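One structure follows; several queries about it will come next.
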Amino acid sequence: MHAGFWQGFGMSLSLIVAAVLSQGGAPAQPGGAALLGVALAVLLWTLQPKLRARGHAVPMALNLTGIAAGLGVAAWSMATAQTGAEGAAFGWAMVGIWLGGWMLVSFLADLPRASGWAGRAQALLAPVVFGLTLIWFWEALVRVLSVPRVILPPPSAIGARISTSAPTLWVDFVQTFVKGALSGFAIGVAAALVFALVVNRYDFLRRGLLPVGGFLAALPIVGTAPIMVMWFGFDWPSKAAVVVAMVFFPMLVNTVQGLAAADAMQRDLMRTYSASWGQGLRKLHLPAAMPFIFNGLKISSTLALIGAIVAEFFGSPTRGMGFRISTEVGRLQLDMVWAEITVAALAGSLFYGFWALLEKRVTFWHPSQRAR
Amino acid sequence: DDVTIQLKWVTQAQFAGYYVALENGYYADEGLNVTIRPGGPDIAPPQVIAGGGADVIVEWMPAALAAREAGLPLVNIAQPFKQSGMMLTCLADTGITGPEDFPGRTLGVWFFGNEFPFLSWMSTLGIPTEGGDDGVEVLRQGFNVDPLLQRQADCISTMTYNEFWQVIDAGIGEDELVNFKYEDQGVATLEDGLYVLEENLEDPDFVDRMARFVRASMRGWEWAAENAEDAAMIVLDYDDTGAQTEEHQIRMMGEVALLLEGSNGTLDPEDFERTVQTLLGGGSDPVITDHPGDAAWTHAVTDMAFD
Amino acid sequence: MRSILPILTVVAAILALWYAATIQMNRAWTEDRAARAGVELSFTELVADTMSQSRPRLPAPHQVVVELWDSTVVEEMTGRRGWWSTGTLSNRSLIHHGWITLSATFLGFAIGTGLGFVLAIGIVHNRAMDASVMPWAIASQTIPIIALAPMIIVVLNSMGIAGLLPKAIIAAYLSFFPVVVGMVKGLRAPDAMQLDQMKTWNASGWETFAKLRLPSSMPYLFASMKIGIAAALVGTIVGELPVQQGGLGVRLLSGSYYGQTVQIWSALFAAAILAAVLVGIISLIQRVTLKRMGMAQ
Amino acid sequence: MKQADAPVIDAQGLNLIFQTADGPVHALKDVDLSIRKGEFVSFIGPSGCGKTTFLRVIADLEQPTAGTITVNGMSPEAARKARAYGYVFQAAGLYPWRTIEGNIRLPLEIMGFSRAEQAERAQRVLELVDLAGFGRKFPWQLSGGMQQRASIARALAFDADILLMDEPFGALDEIVRDHLNEQLLELWKRTEKTIGFVTHSIPEAVYLSTRIVVMSPRPGRISDIIDSPLPRERPLDIRDSPEFIEVAHRVREGLRAGHVDD
Amino acid sequence: MKQADAPVIDAQGLNLIFQTADGPVHALKDVDLSIRKGEFVSFIGPSGCGKTTFLRVIADLEQPTAGTITVNGMSPEAARKARAYGYVFQAAGLYPWRTIEGNIRLPLEIMGFSRAEQAERAQRVLELVDLAGFGRKFPWQLSGGMQQRASIARALAFDADILLMDEPFGALDEIVRDHLNEQLLELWKRTEKTIGFVTHSIPEAVYLSTRIVVMSPRPGRISDIIDSPLPRERPLDIRDSPEFIEVAHRVREGLRAGHVDD
């Protein structure tokens, strides 16, 4: 089966059903005939191998028109009453749009990868389309099912809130991410690295500390957060402390594992040169540990922000992302809550992405980086 | 008939009336099958009722009115608590003797919709809450009284029936504390009322159900006020967390009984008006911007219940 | 024996540090109270007091151990609502709460692992999913679920879903991710040669999956399940905070609510022990399975 | 079409170009070769000359970009689906989670043989490669040479007429290798299979083959095809015979001519 | 002690027993061997006979459980600290995060050579192994053969008197191998290094060595030591000479005698 076959097939069928149903509504859907045409074209294309042009332009264009047609039906059914045929038409249009989005993603995934920056942008395209489909679904469902805004606001309201409350969001971001998460991350990571070196140097320590460390790492941090607030006060230091506690062990375990990653032959080589401990570390063990260290950094980068936010639930000054989230839930300003969550997810993903990119540069030599 | 009530906080004597009514069969007498949902940190009762998770909720009036402004039309149908139990409790050795000493201090405040009384008070006093020399530094107080014990705050919010006693239990004498009751400061707002969604009140069956519910609940409250110890034991039996202690709950019941005095469950429109005025009062950033009008409460339920 | 000595040494060192810290962190309170009472404390009195406070900043290790013992065995044997007198577990005992947490953890872990498994299969077999899902899976882990937990619970409650399931869903949310990552790696572990081999036998996609990809992914599966179950435990505890219907999360919170530091610490340790036991169970299953499969060399 | 001496494998003007990040790699260029039933053809040539690629094209693991190839008169794809060949990869590639016998049964399971038949065939090929009694062991419990024999047994189990072997003995020491060479010859004589065999070792190629295909790299071409004058019956010390040395010499010359130092 | 023809490597009654989970493995048993300066000694024997272990004992990577061994008259440890030898492992073992040149500089950095000296030496050995121009590439960008040559260059860069090589050419094809064999001989003649060389290939051992040590396994013993009558000057086609074939035959016999089929 070629890319997008089933999705295209399904999309055209659902659109046809939607088109037919939309003709039954009180004010009949004006573009019904056009819609039917588009759906039939997609169907023909999927079923008729001869019509499948070699390139991607034709199917892509059909695909996009199909999605647009689906959006049209959905918008129309949303605008008119949600009864009988319109409701069903809406449902089928949703299915059509979902399949259309999926079809688009499979096209994009199948496209030959360009090189350099264009390729990197291209790699983002598929997830973006996927995300847009999800967001559209969210918007449409919240509206159609008239979900109360105090339970789940539509993405459009969240977007509006982000633009109107940017200054507050920024203040919270600085408080939680820059002060709490980043400082905690830096301290925790640095401490873990130093500790790992010590542990690695003394086998006795390694055998004793790693199991105990594993046990301590299992302490759920939600429990440590109130303790940290008690110890380090309300402002960001206690958040940083929670973050330190959260990132320390993943980082330590990964680094220790990484420092043991050099294989026997690579170590023996160092021995034949009668290299000192420091030389071995700098020239062999650290570089060999890099893939593991970055693994730890990536895990820690998502934990850091979460930790800082959670810690704010247990006491905070009157700013910060966690403070805002919990306060605004109480005030039923759910759009603000989701605005903060959006910022958090964005910041977290970018922070993660930063380490992933750096990893690519530093461990360019590792097979997992060379594979793609 | 089924009724689900969402409490504002965890199972404790603050809500004894409902548990007593359930345990003693008052609800059953009214032909009601009542489910009590305890609350907890970060459970917003208005959200629960909006999602259809409850028929009626226990909520503070400031939060309920704020929810109204946020587009969730809550209506007060009954008001068992006549008085406010809220205080600001300060350590005496900080030298605070009156509200005029607040500027420059650090105060602990509950948020999550519970900050409105405090903010109103401060704006009545004209004290900014953004810190600075002439303002107060506000801490988002967590679940407990540690900020005071650890001297991270000069004053913290307490309830007469709960946190205050925790401070005492921690070994600080009453003479070492200075308390500012919101009642005494003239900024009291109504606490622990029963609220339902406006649209439901159009349904006579619902009103009838609520009337029976309120009647039974008030029976429960009366019994609880008279039998504090037994009521506390009933609460303990319903506590799934196993965290509450006998001593604490009995004491809490005693204090709560004081707040009930003067109310048969019917909302006094004057109390409502006072609360609204407090919330509207002063400052650049009032809690509610418009007078909610009389749509925010109704006597329909209590009238039916107590006739 | 050889492996136990270093552990004991480290534990002893930690205990010593802990006791020292106990004195240091709790002395302010002791001295403060002594000053207010106007008495002069000797050093031994000071030390003794720092280790026996009822709401210490840092409880001494033995206080935690005693509390663990009291809130398990003692509570069940002598408590008013204990197992000995009522035949059911006491709601004040960590056994009762640990069990509540454990069952939600298991359920959430099962859901999360199942979901992670299905997603991983999709990602490995479908290019469209491969290209689009992974970044969102990563993003999903950067949103603070802990902040969302109360809302999720409220929403699920309003849909009539209460009890174990809401907590389990939060647990699943946290535990599916490690499983996806590990399983994608594992299902892609067969090298090109092994896949070609399957092709030379004209094996179907299903056979390739069942006879090659799945078995090769086993070591990865177990490694990620260990992370996943620990995450599920954290998720359950987080989910328990707002629900207040028992569980270790509630013990943590009520300990915190009433300033019972000793109770917080004992609940924390109970959770850590639970996590260690759960991970241990998976290790055991791993060892048995891999041995059966002949992969434990 | 499928008469007695019709070629089993027939490649005409075969070309294969890999598109890589560094530009196209011409792995096979104008390869013409036809192999008749019962032949033992070795492919020898410097690293990267396309030996593996050619074997993979026969096995339908790689698609030629130009030219035609038939296997048993069919397209490689049809031949693969008809399970016309067994393929032995360079590394043994046994599944560590299956016993030796389990590994040998694997293709049989996939091809839907009955359980009894599986057991019977597994037993037979295990004996064939001198591994009777090792069926219950796991691969890592066996030496490299034994693993390689198991992998050959696996390819033999379903009794395809064609056997494609890509440097099967590359990793073994000389003595073990000699031994396996003898056994392979023995098997080939008995079963009259058609064998395509890739190797780096000149003596091995000469010792085993009826025909030796010498290839040269970049682009991968056939630079020489040498028919062996050696009889089918080949004791190990045939390798000291003048004919042997003569053929080996010719192969070496051919190799050297085509060799471009990488 | 350290006079001209005192042995460079001298092992007496060497024993090495590995304690493993399955019980002790007697990897070396009563090994007596002394190697004089400028000798080229090959070690050949079936897999697992202890060739690698013996080389590792010389290099102080393994401690004998009994017997004595001296290197340059010192203990192996002292010799290692004095950087008396270069060691080439069976796999190239280049560090993937360093360029080829960076890999070659590695021992020089550790031994404290100046930057200029490092560059100069790296250049020289790169030319020696025909890799000039590839210094800036990363290991994975090179073929296996080129990597192996780089690893040899690395061992040569600091110009130790002793060169220990563990199957350095095992993974290469015959032509490349021939070529490297010639170059190694060339280097040895020029620099008069003492070389210990492990191989699986009889022709290679015979072609390269002044002495061939044949080992037999379990417990690993020296079963034969063959002095080569071949001259130091050895064109490739010396391999067709009767002396060569005679020595090769003797080695093969020695091997076969000691070989236990695994």
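Per-chain residue numbering starts at 1, and chain names A, B, C, D and E are given in the order in which the chains are listed.
As a working rule, a residue touches a chain if its C-beta (ideal position, glycine included) is under 8 Å from a C-beta of that chain, and two chains touch if they have at least 3 such contacts.
Bear in mind that the values here come from a model prediction, so they are computed numbers and not experimental data.
Chains that count as touching both subunit B and subunit C, per the definition above, are A. Centroid distances from subunit A, each centroid being the mean of CA atoms, peak for E. The mean-CA centres of subunit C and subunit E are about 53 angstrom from one another, to the nearest whole unit. Inter-chain centre distance (subunit B to subunit D, centres taken as mean C-alpha positions): 84 Å.
Of all residues in subunit C, those touching 2 or more other chains are 57, 150-151, 154-155, 158, 241, 256, listed in ascending order. In subunit B, the residues that reach two or more other chains under the touch definition are 41-42, 44, 47, 51, 142-144, 146, 150. Residue numbers of subunit E whose C-beta contacts span two or more other chains: none are found. By the document's touch criterion, interfaces exist between A-B, A-C, A-E, B-C, C-D, D-E. Subunit C meets subunit A in the complex at residues 3, 5-11, 14, 25, 57, 126-128, 130-136, 138-139, 141-148, 150-151, 154-155, 158, 230, 233-234, 237-238, 241, 249, 252, 256, 261, 264, 267-269, 271-272, 275-276, 279.
On the subunit B side of its complex with subunit C, the touching residues are 10-11, 37-44, 47-48, 51-53, 142-146, 149-150, 166, 170-171, 176, 239-243, 248.
Subunit C makes touch with subunit B in their complex at residues 29, 33, 36, 55, 57, 81, 90-93, 96-97, 149-151, 153-155, 157-159, 241-246, 250-251, 253-259. Those residues of subunit E lying in contact with subunit D across their complex are 46-47, 130, 143-146, 172-176, 179, 200-202, 240, 245, 255-256, 259, 261-262. Contact residues on subunit A toward subunit C in their complex (touch as defined above): 3, 102, 105-106, 108-110, 123-124, 126-127, 129-131, 134, 151-152, 204-209, 211-212, 214-216, 218-224, 226-227, 230-231, 302, 305-306, 309-310, 313-314, 321-322, 325-326, 329, 334, 337, 340-341, 344-345, 347-349, 351-352.
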